[in-house]
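Both complexes below contain chain A, partnered by chain B and then by chain C.
On to the complex of A and B.
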């Protein structure tokens, strides 16, 4: 097994040139190492970008937030900019696995693993995240949805690395709530990410992304349309929960816990709306 | 590959494979068997060690990720041949039954106390939520961590 271990930003392209279809990037390793031991991945080379200082940084770039792909869940959860301007990302990072997993697992790895239950994915869709990608010959940018292809699949060449996650300025109130089968150390069964802009007591605009109910995060446009111009009273929130239940009943296969998710979606939606208030 | 890192305060240079797990490096290559292997997939916390001040699973870290990093294991806690305060208090409070989870539990608690010397019970429970004990009801473990904090040592 080869290891490709760039120590500086300038060394990355040279390492990328040596990668083949069988090579893999490792972020924390919390998913890849398990896959390797199960025989689901047998890379000829592993590229670890965690020694490159710039890829650990979380910083403002004018109005945007730039998150290095090797930033851990703990670093994201504790970052003051994330907490103030992207609280739904804080919610999602804080709820990943156990503390040991959050201290090790990275945002780049969460995207690269491309699990339908990936905790950060609905939130990255919510905030319209843009990925900065480096190939052997240069850097390009693409929206998260252009890159995420399906379970375990990305629209990236084998020698392209995710360097940074860029979040545009966030407006309105945002939140994320994950439902697992227990409180901690759990895999997402449903994840609801919300962004709301109010006009007085009325909803001006809502964006609602739901994770773990499809191969990629699902945008619930029907709910977004429904709530526009209405107030956030309990009945309206219950109606949104019903729209999600109906969607799950129609689109999720029975073997993916459909009946449980149809039932449980109500509580997740209510929690996500309550969390918008941050009190 | 040639790996150079800090293990329990001492520089360690060794020849290893990039995909060698830290857990195997410790147990099989260095014969430091204090760190335990439980589930090998990041669910149980038995293999917890401290890397650069943070609790992580040694089953989910590879040698190629360790260059220059500081690793602390249960073997690094003793002071002058004596158990450290947290180890002694775990014994005194009977926070150990079969003992298999104990090193991971102590390393998670140690990492918490390094960051937060006066944790609340909720913070202790949160920090230990990735460590599974199938003997106790966690009561004695929480008590031991609280007492370690109260006595100002870890």
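On to the complex of A and C.
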């Protein structure tokens, strides 16, 4: 197995040219190394981009927040810009695995792994994240949904790398709550990401993305429509939870813990709305 | 007392903290090879053909041992005594494979990586057979030919006492289901074996609970003289019953004998979870009858125990559940029936408490349901029925001694603010729709050794060195919970010398005395008392020697603080160092005693546990808000270790109550990963308050009794009881995962909706 280790931005295209269908990118290795040990992955080459300084950085670029694909969960969670302007991303990053995992695991890896339970994915959808991608011949940009194809699959060529994640300005209140099998160090069974803009006591607009209930994060448009112009009282929130329950009942197969998810949506939806208040 | 009852670090704490402790997995022997096991990928069938050619060609591979080139002598992994009457059906490698994870062969190679790679290259051709993944499927006759001895084994059908003929009795009928759980020791299973072809001696290094048990089994399998099998107990990273049946030892031995070199075998987490053993799933149907005043009149209990693919200890285990029904409560009648049933799943075996927690989960649930039916307080119904000092275990009429269950329950009720909290919780639950709180109490009881059901005895030797220290020879098996230090404390106390002047090690069949192993919470009670009595004999010996050297009569000599002096002639004063020296030079002998002790008591030991939980009725998540464990321990030896063991046991038992189970997929493939098997982790581990009732009065050292198993006995029952109190539910299907709780609540909501409609 070959190791491709570009040290500078300029060295990346050269490395990408050497990658084949069997090659893999490695971020923190928190998934790939386990797969390799279990014999489930045997790449001919692994490419690690973490030595490229620009890809570790989180910085403001005019109206965008640019997050290098090699930024770790811990770095994202602790970044002041993220905490102030993209708190749902902080929520999601802070709840990934254990501290040891968060110190290694990267945002690029979370996208690249494309797990239906990927913690950051619903939040990246929530904020309309744009990915900056480099191929051997140049750089392009695409929305997160164009790139995410399904479980473990991306619409990227084998020699294309995610360099940066760009978040447009966010308005309103946002939050993310995940429900796992226990409180911490757990894999998401439902992840709810919310963005709300208020007009006085009334909801002007809501965006609701739900993770771990489909092959990609699901946008719950029916709930978004329902709440428009209404207040955020308990009954309305319970009704949103009921919309999520109905969706799960219809769309999730029984062996993916459907019955539990149908029942438990109420709890996670209420928690997500509660967290919008940040108190 | 100088040492007993105080707190000291375990003997190898510094080595462990600094990384210097050597576990079997750290060992390197000259010329050592590594083994990796080939496991069955089907739940039931025959291996028709094995093609090892590609594996043998793999660089670094030395040999492959498998079901067609290794002894076919059958054994039972639970065997630890000579001529033990057990059903023998397991082989080192099996051509009739009976579960996903059964051993077929092993590759021996220069490195572990090469061995593991080569295992993947072995081609196995199977003939598949019908399989059964649960006891009810087996009872239909699906796998009657799984073993020559059959698939269903009657274990016990016993009646104790007579059912009182009274009117106005209240009966509760319940079903209890326990899932399969794993010990999840920090150290996975490891064994190193070394065979010297010139001396014919086989040496086995393993973390285990009885070196002599392994010696016996290995000697029998490989038809070796017992004196040629040497077993050395290595530093152990936890056992919890998981290292008292022999799984890796026969494999490593077979490999070492085959290649005549040392071989190390290390199971990874998945292999340890799937291919060693776990606690058996159990299905209880029980019926408890109470008088109107809450007095328990009769117990009727039927148990189906899922033995997994091989019998192991299951027949004995299913019987022992019956023995555990009489250690805490007194009642006139019991009928207990049990069967062990083979399934094509992970083998069942010992788990901390050896059926005490399992019996308690069933028993205490019935006590709770009885209290509910009678509108009684759960603590009161227990106090009404609990055994007292002077009572006896009706099986064999064994006195339970100074058994303080009553006091533990009363003290716990007070210190847990039981009565006040009951009121507070009633108010809390009235106000809260989403979160519901509940209280649980459970009484757990256990034993102190094998007496009288099995042979129990212990031997300790003590020798005096010329520098005045004492070398103790005893067969210990420290699991990591401080046995060595506890024995050192007892010896120092009894000898009257500083702890650092007592040295001792662990089991080694070549040098340390015959011993029945670390089972049945016998170590402190039986071996500890042997240390005490040996120390007394040792001091007598010192007096005899000083008498011979000084001419003073033994009766006038005093042993105190490393000195032996004349009561009336204080100028005749010998340091222990001088005694050792002069004994060698003048009397021509070593100062040495050996003492054998045979216990003739087995008092009860009790723990009353109290749990307060909060259940999120929207997500099914349960949080333990407060926990108190009150233990009747007689006398704590190493106090903080007793407390810490209890705290660890609470995390373990609470995990069994709320999260832990090994899932087997319909294909027969078990989930062997901590990704799927959830323990309570440090984020959710609750604070556990521990109180010890110490009023001695036992035949143990300084009045001590056991703690290691009894502290795990009531935990699951207490937590389950609290959840059922919170939800006013009657669930006893362990674990009460969020899924189980939500399914129950969903069912209740549907019922209510139907009622409204």
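Methods note: the second predicted complex is superposed on the first by the 279 of 279 C-alpha atoms of A that agree within 3 Å, B and C clash if a C-alpha of one lies under 4 Å from a C-alpha of the other, contacts with A are read in each partner's own complex, and residues count from 1 in each chain.
The definition used in the following text is that contacts are C-beta pairs under 8 Å (C-beta built on N, C-alpha and C of every residue); 3 or more make two chains touch, one makes a residue touch a chain.
The structure displayed is predicted, hence computed values, not measured ones.
After overlaying the two complexes on the shared chain, residue contacts for A:170 are found with neither chain B nor chain C.
Of the two partner chains, neither chain B nor chain C is touched by A:159.
Contacts of A:99 after superposition on the shared chain: chain B is touched, whereas chain C is not.
Contacts of A:257 after superposition on the shared chain: chain C is touched, whereas chain B is not. Once the two structures are superposed, chain B and chain C can be ranked by residues of chain A touched, with B on top. In the superposed model, A:267 makes contact with chain C only, not with chain B. Within the superposed three-chain model, A:26 lies in touch with chain B and out of touch with chain C [touch as defined at top].
In the superposition on chain A, A:74 contacts chain B only, with no contact to chain C.
Under the contact criterion defined above, the residues of chain A that touch both chain B in one complex and chain C in the other are 183-185. On the side of chain A, the complex with chain B involves touching residues 1-3, 5, 26, 28-30, 33-34, 36-37, 46, 48, 50-51, 74, 97-101, 103-104, 183-185.
Contact residues of chain B toward chain A in the complex are 1, 17-19, 21, 40-43, 45, 48, 51, 54-57, 59-62, 64-65, 67-68, 108, 126-127, 129-131. The part of chain A that touches chain C in the complex is made up of residues 39, 179, 181-187, 257, 259-260, 263-264, 266-268, 270. For chain C in complex with chain A, the residues that touch the partner chain are 120, 434, 616, 618-621, 623, 659, 675, 678, 680-681, 683-684, 737-739, 742-743, 745-746.
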